[in-house]
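Naming follows writing order (A, B, C, D, E and F), and every chain is counted from residue 1.
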């Protein structure tokens, strides 16, 4: 196991060291505000940014930092470019902070004896993911194929070599990490740590960037007019479907499905151990989502950002409200953890359509998401008997798909690509299905290989005692008396 | 000497303590426990899955007393803990052969109180 | 109980669905940066924004997104408008994050057996609040009465119908939520969940918007020259006075006031269960407060924002420092939870005057707030015998009033409305008193009706066992051994 | 003890009250955007900001808020000034939020019985620090000596008296607080609270500002061309070396080093009590670090901010990755708390060079930091036998030094001060050594005096029972059953 | 009457409970404990420092029964807890002199069940 | 056979364990408890309200031994726990009728050690 990890680190490192690390050879982005640097590369935009004043400013005579006269046009460009940089750095940081949210939600909704393990997974998927996304992922997603964007994959700009688009890279790497981290929740409390590291390397380096390229990198879906503003499909569904495959291939946690005396299988609730942490996680995620959705304007001058904030807020609120109502009706009590899932479901669902639907439509999208997540959790857990401890599949995959479809149903066609409503719905559905197929197939292969080569699941004994001792040799809540038999 | 073990409802700890103090019994040890008894428990739901909870939270009190104090102690506990509802709890009385106070190494009756 | 909730959801939903949810019918804000959209509506400003360059830029010939020549004036306007949008979205997100802070503080300062309940309240008051504020609250607060701002209430722009001021709405909705959430702390550990939902609907939809209209919506107090920069009165006192009424009408928690043998009533401390959570909450609140106060410039070009950051920092620090000193002197130990309250008291107090007082005055305002909160908690708890578990009344109501008064005492008159000092103090006092009267009366009526119709308080048994099991059917810290008898 | 505290408060307060608190006498920064106010004072810049368009805009004819014609030049200046204000306020707020991160990390990595104490320290070092930094610290750090920057100390602008640079002050005060708060972790679980307050007053008011003046205030090191972009040395090493001195002078916690039967000294692990809190703290710190490093451009128009975000991300990731690998190899399990330290080590190391090294160099810097922190912890704990509960010395001092040196090794010389590589390395080393000497000597004197006058360490009994009861009279986790014997 | 104290592996609580229910023993009290026995414990590492953990998590069950139930109870516990591995646990049987049900103040055998 | 129950100060657990190991007593069970005894407790303040805490944290050790080991065990505990201060704790010795090792189903003396 050590060996696997060691070679993994070595691999990453040597790849990195392969190119010179000295600054002289690899020139750093110029630190002066010139229009050329600041113009956000449209190719990297989730959606082609609307024509704004900014893009008329690209013609510049001189760089201006050598004291020559700087024209007003150039200054305008510098202002809007700087504003965009400030905007993307801050919203990108908010998206980074969502890692903390995921970590807290997943830790809170699982058991104390596995807390260390899930924290490590959430930390390491970002660390492994950001390095591999730097090395190859970004190149696959936003690179060119020859002179133009490839239909299925990009292939240039590895290690930010030819371009120096550090601003876009930073904003995109935090999205890639979000996608990867979704899976850890569904696979919680029974997955081998080293296997998880391998998985995260592949999803961040290959699976996510390729489907991402189709939609945001100029690939075939984007060419068809598929619209996914901030990533209901690109980010959330990708993570969600991989989570589904992972949860299926792992099997349920011991004690989740038990036979009673009559041989009937009963579903048992395995309660999370720390609801305040889970709630904090949801607040952090919601907070970060303003970065996720609003920042996806990719342009500090694009005022649709304020509209996005409104639709995001309303959908999330309705998601929580309706999920609470649904669980209240089903189990006679308003369940905390399902309500938290409801807020997240609303957020996932509004992620694709946030810029192209009205606030009233956002209410409806969120409301449906709230009901959907409750029904989906019931279905996945009780009918399909797939054990997804935190509801990742229902929140991210199902509502990711719902949100993507909602673009077609509620979206302002004028802002989309001049298709009729039914046609647009069709395109959205096509995108949902192709990403589903891509992720399910590739992640099945991935998990299958991992299962055969390293093994996917810890031993029964380790699972019963907790992965914290088994995988990490120490406990999360030292000194606390905890009934670990549950 | 006897060891009196009492299981009571958590919310009754304060009133039991007060009754014991009134009866001039000042020494005791308390732990918390989960109890399963006539009280059927309740159902918890989590993510719409129903779980029967039949291990209920209880407080366990241990009091060592010399024989002459047993009655007084039992009465005080009952007075503090009784609400005439299922789940009020039980008292067990066990024989104790020896008691030692660590600080003074005193033995027997003198060490109990 | 289910019925109440169900109809509540239905009510919100049908109200929403009453208007068409399809984007074609309800046109979305234009996503292009034009000066008309970006100019922040002065009517919605907490204080009339100082004349900045921005407002001279309103005259524009064309929208410019159709390729016509765009004049430099228009571009200037686009820059400042975009900067304001970026500024308000980010500071607004910080204010949203304060919800997490409130949730953590209130959870940490109450008992483990009620943690789920208080988390749900903090989440749902935002969700219910944002929806009702969208439907009616915003219209009452910032709407017009005919052609101009009404003296007592606004009445237009429901559901953002006529205006499309999504930027201002987003910034304002997070303020409304702050006001509502203050109350949950004072009413913690004994309030029926469904009653809390009803309360929050009314405060966010009616009580808060109306007094808010008087001060920030162009109503009678603002016309008189009453100054409350970021909401010591508008937000904090409103929440605080409602908290006071709620705590009185509920009565104290079981075990808070006990008779000893001689029949004398003794006050007992009911300790919070998780100080790290409470401290985290205070750090989050403080962090969010930079959004709350600085963002209240409502204008990204208004450089007073940096001054506000300084006064805010100093007042909060002095608040914590003096509260710690006061409790050290009173009880011989520096109490953690009172010190946390002290920081919040300093923040509440500086909220109104932050833009118009010097840093040195901020030190004084914070210092007084720190002492005041300690004395006020003593008074409320030991003399008035009102049980306010987290000190919400002392922090928000008392210090909200103090901060509002401090505007008159320390404020730079040149920045206020040309009144003499005594006159200004008088106006500030008038504002404090009228808002007090408005909130106390309306929230008394509200709680009285709730008490009669649904009941305000859970049963004794439920309270003893904890609201988590009683109201939500599950526990917050599953597996942990907790002495729940306390 | 009360007396000490009381006089401390009084001292701070009277100092503050010594100047008039009324706004008329102490005029507040003008709230209108004029170029003079907005131009960031170059003297306060961590590094002299690169020449940007902004600085060519200083010539203005009129202030423009009285309705006179405002020239375009002036407007440009207003835009860039406002953008810088927005940028610094938001990044400064992020840096403030790092206080929460430190509080959570330090609390999580120590024992439950000392949680209240460590929370109070983390809160109060900011509160005391910000007030003293306002009163004198800022003046020592960024003040002038006569007409120009002194070589060794500044001496003007106390209480922001002559300048009104509120924007820079806010950004700088949060840095000062970071430096102070590092020490609390190394001195955790055994330090007298009142002694800690005195220490924090001196480091924030004197020790930090003076060495800070040398590097960022225009002093002798900055004049030599020493480069520390965001404070590996200025902030982290200063805190780290003080932490080292403090930990040595306190001695180890009871039970850390025990003699076994054969008289051999064995090192025992004293486990932290709450890993989810510690992990949350690291995520918060990492999040805040984007403010720390990117904001250190000190200029909203300086696009190197995006480059900084990339190098920061990669170094942190590699730090965590390599620290995990190292502990995996050493102890056969990937240790959670060391991995968390690894991420922080990467962040500390990239803080100085983040703007002048390539992304690939950032990978290397982070990787080395990750290994270094693990080896350093081993060395400090097992060889030097210094008890540093959270690894503050290894994270902040050792990696602060490493990062500062890395500027010389990997930095783009063109962006530095025209020295040759070896010369630059030499200058960096000189800076490291002089700051080490300054901090070690002054903090030794400080702790020595405190030890003699008030005492540095709590009694053995108090330490065993926990500082929460001893120093603050209450527990952090009321109701939880905790084995406090450990 | 006897008091049966059993220390078992935490993960066996559910199966022990089920066996007891099958044997129609419905009353018990449960606490968690740390145990030190033949099972050597395991090593934890924290920040690369190795600590021997020889206090392992155990579940402690207390059941008061009338004499005739002792055998049945012991068998049920063994059936539920036995895995033939070191650490399976121990059962201790102590004499009980009196049992009182707090609710009804009943004494003796009638109060046990 | 006897069951030795000892209440000690939490911070003494390590030294008691060491003394027991020296006396070659390796088996024991530990729980934590709150104790009320001669030690008066201390006052906590929370938000400037004073609360008397008279339930102090204690460690409860349970050791079953054969009769011949009783003395040795008691001495070891006293050696490890004694500090001559109020609150040092108490030892109770109760008769045990039977001990069963779950793994092997051995009974009696052989199962104790």
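The criterion applied here is as follows: contacts are C-beta pairs under 8 Å (C-beta built on N, C-alpha and C of every residue); 3 or more make two chains touch, one makes a residue touch a chain.
No experiment lies behind these values; they were computed from the predicted model shown.
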Each chain counted as touching chain A and chain F at once: B, C, D, E
Contact distance in steps, from chain D to chain E: 1
Same or different contact residues where chain E meets its copy chain B, judged by the half mark: different
Between E-F and A-B, the pair joined by more C-beta contacts: E-F
Geometric centre distance via CA averages, chain E-chain A, whole Å: 47
Euclidean distance of C-alpha centroids - chain C vs chain D, Å: 32
Residues of chain D whose C-beta touches two or more other chains: 72, 79, 83, 86, 90, 271-272, 274, 280, 331-333, 335, 337, 473-475, 477, 480-484
Interface hub residues of chain F, defined as touching at least two other chains: 31-32, 34, 44-46, 94-95
Arrangement of touching chains [line / ring / star / complete / other]: other
Each pair of chains that touches, named by its two labels: A-B, A-C, A-D, A-E, B-C, B-E, B-F, C-D, C-F, D-E, D-F, E-F
Contacting residues of chain F [partner chain B, same complex]: 2, 5-8, 31-38, 55, 58, 60, 74, 77-78, 81-95
Residue ranges of chain A touching chain E (in the complex, touch as defined): 255, 464-465, 469, 473-475, 481-485
Touch list for chain B against partner chain F, complex: 3, 17, 26-31, 62, 64, 94-103, 105, 111
Touching residues on chain B, where the partner in the complex is chain C: 10-14, 32, 42-46, 57, 59
Partner chain A, residues of chain B touching it in the complex: 34, 44-51
